[in-house]
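What follows is a pair of complexes built around subunit A, which joins subunit B in one and subunit C in the other.
The block that comes next holds the complex of A and B.
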């Protein structure tokens, strides 16, 4: 009903601009619209109807429909609805009105489409290269279907350097990253610093792209992809694997058996447990409190062990396939899991109490890295960052998947919008996760683990899936395709949106607060950087001798 | 002359060994607090004997020495080399005036060693000893600034600037804390300050507020966590020694540990009675062998006094280490406002109060006044504590400057 209502609202307002609509179930709405009306429609959805912006996706659909496809995805969280607004663009010289003036959160997504698919966005507020490497030639778009997955552009300029903006007057540039003790993964922030105050920054990331999306749509098949999806992230891999599988299941209208859903839920929550424990440790490390860092890692370790016991791996569980899961949770590991949870709860409670009472931690985190409700809306911030600002969203409740509609849990929110609130939210979410796993263990009943899917999956269907990762909503978009593989698979990791909120968070605060502010979104650059193409050096592997390396390092650069 | 050389040799050897083994102690303590095991592998080479990892400092030292001495091409070479030397020389020569006990008897087995009792200080009888200590500890700051500047690297430079501001800021409360002790002892000579405490009671008891102010300032001077901003890894990579490696880095690290040892010595000598321990060491400055004649008694007393002093120093250093693993780091502006808005006023209060009390006791001369003075001093301490807690907002986060939209805001 909700989907129908929203469609009617759109039809009333824009009438002829709505070309086609598809309502596969009550939680999804696919609307195809006229390109000329895209900006007004998005403004209406985002502004008047107060939808949350998720992501924009560019698809090279020329081999099938002769056109480019761009979609803007929105969520109505309170109404449990995901909306996908689609436009088809001509094959020659594709252009579209940018929505960034009304929906600032679309900044990166549109730039990425421009880089990867080659759709120009007119009126974009900052049309600069985002994803492609520095030396990549202009006009070559790796996600187009006529670009092979293993192709190396001939005119790649190894020597070309990225052109950064000029810093504002009176500011010094302090480079932060790509290599820095607090960054576990490479990303580069060019901080504009005035004294010890940060006045702004420019971000250059996407340094660890692995071409995952391109590989998925050119060489892998449906059931290979979950294996790769869980390698997208070093911490929350299971999230991506589940999100992908659910997106395909959504597209093909498959419902996995209940036991599989419970197992997925349990593994997702185990992942959230170890991710949050890791984060609390890292946050303490960043403010210089190594004792708590070590303690929370010690408490975390049994969670990794039980994950290994259940799945065979500390991470990369190899859990999902389309229509089910690969393995069962045995009675023995269930008992052990319960014991681990009890111990974890008993140890985590005093630690949280210690953290929440510590005045020095509060001095370092209160009022720091503020992202309020407006900023969350504007930059599309999600997960603990949004919940810490009092934005009550959680995909587990809002867009129920797996077995989350059968368990009870609270969505933890806070209202400070600062780093401290994020600490509180994450620390408390651990208890909810423990409760969810316990309920799943209680309610899980024997049954099949997989559906026997005999037919090929239908072609050309669209699927959306939002999964609440430890860092926020992980959103996957799939168009099913031929040859047992999707035509297009787009991963929107939570950090992708949350990182866009960082410049506003760190502005006008001390450089010392930069690290904890950035750390507070629990950045995961691997997730964000998932889709670069091709190892450029693959053609010419060379083993450097020690002497050559030393010579290289010591050569004085002019 | 020979005596002085022997003293220097013993002191240098002792200090360097102590620094090395304190590193091991610190790592083991960190491991203990954090529920880990810590370095326990290195023992006697080529055997399976591990002796709780006592070989670790040796291995660490060897590693530093054998590591490549890499000098980046963009540094100012002369200053880059000078910085670690300056800091280490300053840290070591500071010990020239610091007593490690009271006296040694002048005779051993009847053979005279020197004309009178041997003072356990490299340079005995320096009347301006405290001023010398201050002068040299200020020079150590130059090492930090030079290192940061010569590295020609923004993080190092920020680290150098931070530490210069921090050390200058904390020298003021430190000086004020010391003034109280100097006033009460009536001397700048460290041995006489100890003697005054043996006579009248430890200054930590007589001037608790001064002791607190001095201790906090000493932590900051030693740049230990929670005051280790000059080199905080999470923000500034390595601070002023980011670009250093090998032996030069070792010199910086040793100097840092020496600063901590110095701070501990000063705390013990100025406020915790030095070699004095009630009922154990005797309380007159000269050795009296607990009233027993005979050289053996004198030697025994001399060694007990040295042991008491070093034991106290050891306890303070352990305290330093415990603090390090118990607190998160302050932020730079919080550190500065703590120095200027809390420690400086407290230091002034302590100075004025102790000056008044000294004057009153001196002029009135009643015996009971002494207990009143102690009571008053403690009241002042708790009053200051409550006052600071009530005004706790001085170290809170500053409000952010109203946002001025920059062009770059739109570009994320």
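The block that comes next holds the complex of A and C.
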């Protein structure tokens, strides 16, 4: 048993610092440790045992245990194990050693915990605010239980501007975003540019933070959340819905009926198909190759239609409930789905064959936005970005969920680590997805869709779930709670880790390659500082300030 | 060979031809399971409040104006069209329609309001809607039966304040 082996390794090395351990099943290990030993234990796991860093989670557990809870989650992908290292901190002045010196990937997660829960991390390598805007008052932490979901602190300076770092000497600052043609959503990069070369950058994001996690633990209930989780992302919504449901099922030890598992797998793969086709199209659009952009969107459209037929919507499937699914795949839609897959394969294969030999795209993408194996390990990069660098990880195989343990497929890898390799990986993964859906359709037996849940879900249990989204691993963490809702639900979308790899990817590259480098991780993230209007008659120009614009849009038209 | 690739790509485009649909010049029909704007049928609704209970967006509100009048409001502002209301409705009073062209400047085009005349349950004192029109004609209010005389007695009396019982329901009308 792998989990027990790892636990024994930790016990041998740290002995008394290991306070408690839970091994609910083969794939999970929860270890409660002494706060003073957290840095050593994480270094040991990440460095010596070569675990992959997933995420750190901060929980305000004061109403229940009188303490704050911080967990660092790691994955042993080859051994199919997820490890959760937990620390309980006192309610007064919670502090913990930062692990960022040993695990650089924890940079954002620890800053987020400091912002949202208010745990200080001592020795953090870059202790700047991440999620909260600079105008947010100090000492007010939205994810604490004594902070209401609809509260706005009185001294919140909404219009205060971000404070940025000084650019390095000799560099000019080029702002990229929050509104930029290649960004679908707002994120701000301050690029430090020397001539045409990017030497570094500062990132400010979280401009559309919607507080879904807070809503989930204070307003929604268990079966409301899947519908909300789906709206976390405009592309991989079903992934979040499934990941949440699986995390709760993992916590409450619920096993959904087999047919429901197959249907989840099929819908996840339908989602991957449309996402991959969309991304290949968009990547080509960014580099100016609109032919393939148009064609991949044409080929993608029937996938959207079949999803609409099965679930009732092109994108928001509304598929999952705790313990099952809502939509059945009827004999009719099954036949139609097969036909769609056949046509897709027949059209995508020649197109991919042509594109893979197209020298123009290669010239634009080879050697661009490189993230090698070391960078993947350092920043915790995942999904197609990691696989393009030769890191053989895929949650579908490594941490099997739904019906993935009953289907055969190959994990596509490449070794360039550049944008081109990511195009290749994602273009080829389409064929694997088609195969997975076909196998599911063959193996699916008639049966119930939903497990009857008669009792209330147990309280205070922990659940982890990793689901391979089209762009990488989506990791959800749940602590079950009272009043038919979780106490804490943490969502780690793949872009959370992949974005942290962007500064290294764009360093010492031409600024013109910035767009495709960023686009290549398929970032899932719009704000204007000012606007210029021109009076056509007089030709006079007026520049609107942010304040004026805000006033303009917030005045209700009579 | 790159030229060959370009030719193949051109061929793929030519082969596909024109695929753009002539929408909105010609109407599009949604598939059978499509989840469009939910429609609430007042004749079927029994006012059980199941839909309001499961709505993830909290867009279905229910309040009792008086002992006999229950109002169900569907606001439709941030409805996510998940269809959970239609799923749970025991009377099939909620249907997910095929209406998808719902963009409007006036929220009044979207929201729906149902007023239900409720009877009072003789046991628990809570309101329910009688299933048939004839049943709805019967006397409203509490029943306190005369046990000694072994006879049924009806007493009609509203005891609710003449305003919504839940004070957090403040609906903004434009």
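By our rule, the second predicted complex is superposed on the first by the 523 of 558 C-alpha atoms of A that agree within 3 Å, B and C clash if a C-alpha of one lies under 4 Å from a C-alpha of the other, contacts with A are read in each partner's own complex, and residues count from 1 in each chain.
Basically, a contact is a pair of C-beta atoms (placed from the backbone, for glycine too) under 8 Å apart; a residue touches a chain by one contact, two chains touch by 3 or more.
All values derive from a computational prediction rather than experimental measurement.
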First, second, both or neither for A:295, with subunit B first and subunit C second: both
Touched partner set for A:514, first subunit B, second subunit C, both or neither: first
Greater residue coverage of subunit A in the superposed arrangement, subunit B or subunit C: B
First, second, both or neither for A:360, with subunit B first and subunit C second: both
Touching partner for A:500 - first (subunit B), second (subunit C), both, neither: first
Touching partner for A:228 - first (subunit B), second (subunit C), both, neither: second
First (subunit B), second (subunit C), both or neither touched by A:24: neither
Doubly contacted residues of subunit A, that is, touched by subunit B and again by subunit C: 291, 294-295, 298, 358, 360
For the subunit C and subunit A complex, residues of the former touching the latter: 1-2, 4-6, 8-10, 12-13, 16, 19, 30-35, 54-58, 80-84, 87, 96
Complex contacts: residues of subunit A adjacent to subunit C: 219-220, 223-225, 227-228, 231, 291-292, 294-295, 298, 301, 305, 308-313, 316, 318, 326-327, 347, 350-351, 353-355, 357-360
Residues on subunit A engaged by subunit B in the complex (per definition of touch): 104, 107-108, 125-126, 128, 165, 168, 172, 174-175, 180-182, 192, 196-197, 199-203, 284-291, 294-295, 298, 358, 360-361, 363-364, 366-368, 370, 379, 499-504, 507-515, 554, 556
Residues of subunit B that touch subunit A when the two form their complex: 30, 33-36, 73, 154-155, 158, 225-226, 228-229, 232-235, 237, 325-334, 395-397, 400-401, 403-404, 406-412
